[in-house]
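What follows is chain A paired twice: with chain B in the first complex and chain C in the second.
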Partner chain A sequence: MDPLVYVLDLIVFIGIFGIMSLSLNLEFGFAGLANFGKVAFFLVGAYTYAILSEIGVPFYFCLITGALISAMVGFLVSLPTLRLREDYLAIVILTFGEILRVVVKSERWIGGGVWGMAVSPAISIAGASARVGALVNIGLVYLCLVICFLVVQLLTNSPYGRVMRAIREDEIAAEVLGKDRAKYRAQVFALGSAIAGLAGGLYAQYIQFIDPYMFMPMVTFTVWIMVILGGPANNWGALLGAALVMLFDRGTTIAKDYLALAIDPINLQYILFGVLIILILLYRPQGLLRESKVKTKAIDRVGHERRATKNKGS
Partner chain B sequence: MVEVNWAQVFFNSAVTGSLYLIGAVGLTLTYGLSRFPNFAHAEFIALGAFIGYLVAEQLGLGFLAALAVAFLVTGTIGVLCYRGIFQPLSEGGASIIHLMVASIALGFVLRYSIGALWGWKPSYFTTTWASFEIGPLRFTGLWLWLIFAAIALALAMHFVLVRTKIGKAIRATSSNPELALASGINVNRVILITWFIGAGLAAIAGIFRAADTQIWPMTGWDIILPMFAVAILGGIGNFYGSIVAAFIIGMAENLGVVALISFGLSTEYRTAIAFLILIITLIVKPQGLAMLFRRA
Partner chain C sequence: MKEELLKIREVSKHFGGVYAVNGVSLGIRSGSIWGLVGPNGSGKTTLFDTILGLHRPDEGAIYFNSTCISHLAPHQIYALGLVSAFQIPRLFQGLSVLDNMLVAARGHQGDGFLNSLFLRGGWQRQEVEFADRAMEILELLELDRLALSPASELSGGQRKLLEIGRGLMASPTLLLLDEPAAGVNPNLGRRIFDGIENLRREEGLSFFIIEHRLELLFDFAHWVYVMDKGKIVVQGKPQDVARNPEFYQVYLGE
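== the complex of A and B ==
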């Protein structure tokens, strides 16, 4: 394979999983929701894209519809589940994802069942080389990534984001202040699912093929590794985590092809991921980057005044 | 209309239920005591199956030796995992989400270590089991052993929980850890013993499952969600509830297959039946059948 295409391909993957990581970070990092079924919404986005693009719908419309349907599914799933305890929520959503996968596996009319289906790329330029194709995808994926990043970053630093963190820290206190936690959680869940659906659509059109085996619970846990590693409740951390995990993943693929190791590098990779996550949880639960601090004008002013009085005092 | 062999359907339900009961006991008891769902329980099942495979097939020491060795080794590994990972985490004040993520990470370590040691290609137990045919019923000796093991387990656990000091300590700690501690129960020891028994029983379930179908590193993941369904339908931490729940889930899966065929749907949906029961229980009545069994 052309080494440049290899690098470009890696960059595309970092972008797509960066979007997934941002979405889980919004749900888990900021709102404290244990979404163990991320892959379900990734799947909805991917299948929506594939089915719509097959009947000739333009790609941007496929992507947006995928995100919207995913948001709707997320919202519907959230309705009965958001008042559940964290562990129940996690088990229900994990199971929901598996049910969804069983459905697309058994129903041949949805994306060809176990055989999967071919997906046409979003932007195909006649006679373009693999390099140009990858570059076009980088443009598309990173445009989406920047939009998602801005949305999530602005939202989490707004008064809305502070309510989310408040609910995460202390549900009862937030409720006493009149914040309806179920409402906020449902909204966060819908937005997180929309972002994951968008990532799913981008993934489907980039790989140009989908089948049910691409949507195993493993995908969910890979995204969890990214968020835990990078630092929950820090959007830069989520992106850093995605980049590190994807680089590591490529590294092991190269190691598999070129090094003669006693142990299969793919096994070794997941053993190391597991050990790494356990060590992070034990010794640095905040991840590589700390939670971004709440910034408001009021906090800035209080800070200034405090410093001012301190200076006067000394 | 499809001709249904009802005797066989009910017998199969008992077989499925027995397997789920043996596997789910550890899941539900550790969930009840340590207060988080241990997703690595799936890997205790797979690890037990592979240790059994090593003893029975690769060393040729027979099926009973396989069960005994797998029980002891996997139980010990379960205790070590609790001591090394989950105990320090919960003492450090980790949230339930962190504990769940840690259990998934532990699952990675165990599953891919199994993959590195034994490979990812499915293997099969070569032990041949006598097969019987009584009227319309067809079954193998393995299934009889499985049902026998489940009944023996139910009786033994009942005896332990009701009659012995450690059993009473387990029930006390499960229902109120602070009060148990204040009453002079060594809560830590109780939890360790429960993890030992739970992981050991997972190994037994793994061997039966592997001997009945195939064995590969995902052997545990293939059946962990139905076992969660059993643990939750039975009421978390409730042994008697999980006996009933195991047979309800076993029955639902086997009757479900009959229903799926008669509706002309894919039998792939078989697994989805237990999943649906799991979701509905959690949404409608998260305490499961526990209200029926107040003593446990």
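== the complex of A and C ==
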């Protein structure tokens, strides 16, 4: 296969999972919501895209609808789990993701059930080579990535982002200081799910095929590794984590073709992922990049004043 | 006679069979400092938590500015201007001192989801004013130097001060303080109370304060309630309470 296509393919994957990573970082890194069901929202976006595009809906409409339906599902899931503690929330959502996958698998009318279904690409150019196809996808995916990045970056560097972090640090104190934590949690869940749904739509149209086995819990854990590795509560960290994990994932996938191993190479990949998590948690629990501080004009101004008085004093 | 700001009518709160608060009635008028004293375990903090909406009263009703607040959530009670500072500071450890203050600002437009994204100009301007106010309060509490440091780096006494500062940041009508002078040096304790008195005089704030350091509380409070075993047993002006034999019996265990 054309080696350049390998590279372009890797870049597309980094983009799609970068979006996923931003979404989990918003929920877990900033708001402290342990969403262990990320793949469910990825699935909702992918299936919405596949089903809508089959009946001839334009691709941008499929992507937006996928994000909106995913947001709605995220909001609904958040309602009964809003009052749960972090660990219970994680278990409930992990289960929800699996249930959703099993339902999709057994219901033939939803995207062909266990057989899966073919998905047409968002933008198809007649007679284009694999390289051009990948380049078009890079354009589309990275446009979405930039939009998502701007949204989460603006949101987390605002009073809203400050409240999200405050709720993560101490829910009761935030509540007594006037922050309706249920409302914030539901909103963050909805937005995080919308972003994950968008990533799912992009994924479906890029792979051009979906089946339930593409939405195993391992997808969720891969996104978690990205966030933990890159540094929670840092949007650049989420992107860095996505890039590194995808490089590792693709790198080992390619390398395994050239290795004669006594075990299944796919299992080896899982083992290496496990080792990677242990190493991060042991030696760099805060992730590669530190938590970013809230940046607003008012904070910058105080920073300038403080530096000015310090210089005067010395 | 001024209107009663906070009115508590026959409020009880029990945990299992134990009455932590047992039929308490009291009133607080605006523009003054009210004290609440009593031995450990007499129900003072439970009463505060019930006023704040952290506990729902099992019986009775609580009115703030003539609005019944007994069934409101804490954030709704805060929105009415009834704000508190915890006895054991509950700071947002990962946030800076200034961010801790700004979270508490009441009526911040940027707290809303859509506003934070689409009304950036509006809340940025508003936040500059909030930050100025926050820095004034931090200066009073001698925390201004540390404004941009993480709250987790503060000492025990400084945490206590920041907890009070957050309460002040909300520009409350009534501020509930649970042992503001506990755990800070004697000198600073008095300055905290001086600061409270200043805010009362200049901004018309009202305070309801639990405090074990009676020499401080009795110097500043206008009226003192004494609680024992979930009930108000003595009340009056500080000098009268100080002369009341029952107060000594309850509090000092004579």
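We take it that the second predicted complex is superposed on the first by the 304 of 314 C-alpha atoms of A that agree within 3 Å, B and C clash if a C-alpha of one lies under 4 Å from a C-alpha of the other, contacts with A are read in each partner's own complex, and residues count from 1 in each chain.
Note that in this section a residue touches a chain if its C-beta (ideal position, glycine included) is under 8 Å from a C-beta of that chain, and two chains touch if they have at least 3 such contacts.
These numbers come from a predicted model, not from an experiment.
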Touching partner for A:Val151 - first (chain B), second (chain C), both, neither: second
Which of chain B and chain C A:Arg162 touches, first, second, both or neither: second
Which superposed partner A:Glu86 touches (first chain B, second chain C, both, neither): first
First (chain B), second (chain C), both or neither touched by A:Phe36: first
Touching partner for A:Asp170 - first (chain B), second (chain C), both, neither: second
Touched partner set for A:Gly303, first chain B, second chain C, both or neither: second
First (chain B), second (chain C), both or neither touched by A:Lys293: second
Partner chain(s) touched by A:Ile254 [first = chain B, second = chain C, both, neither]: neither
Touched partner set for A:Asp180, first chain B, second chain C, both or neither: second
Overlap of chain C and chain B interfaces on chain A (superposed complexes): none
Touching residues on chain C, where the partner in the complex is chain A: 52, 54, 73-75, 78-79, 83-84, 86, 90-96, 98-100, 102-104, 106, 108-113, 115-117, 120, 123-124, 127-128, 130-131, 135, 145, 147-148, 166, 170
Chain B-facing residues of chain A, complex: 28, 32, 34, 36, 80-81, 84-88, 90-92, 94-96, 98-99, 102-103, 105-107, 217, 221, 224-225, 228, 263-264, 266-271, 273-278, 281-282, 285
Contacting residues of chain A [partner chain C, same complex]: 151, 154-155, 158-163, 165-166, 168-170, 172-181, 187, 191, 291, 293-294, 296-299, 301-303, 306
Chain B residues touching chain A - in the complex, by the definition given at the top: 36-37, 85, 88-89, 92, 94-98, 100-102, 104-109, 111-113, 115-116, 221, 225, 228, 232, 265-266, 268-269, 271-272, 275-276, 278-279, 282-283, 286
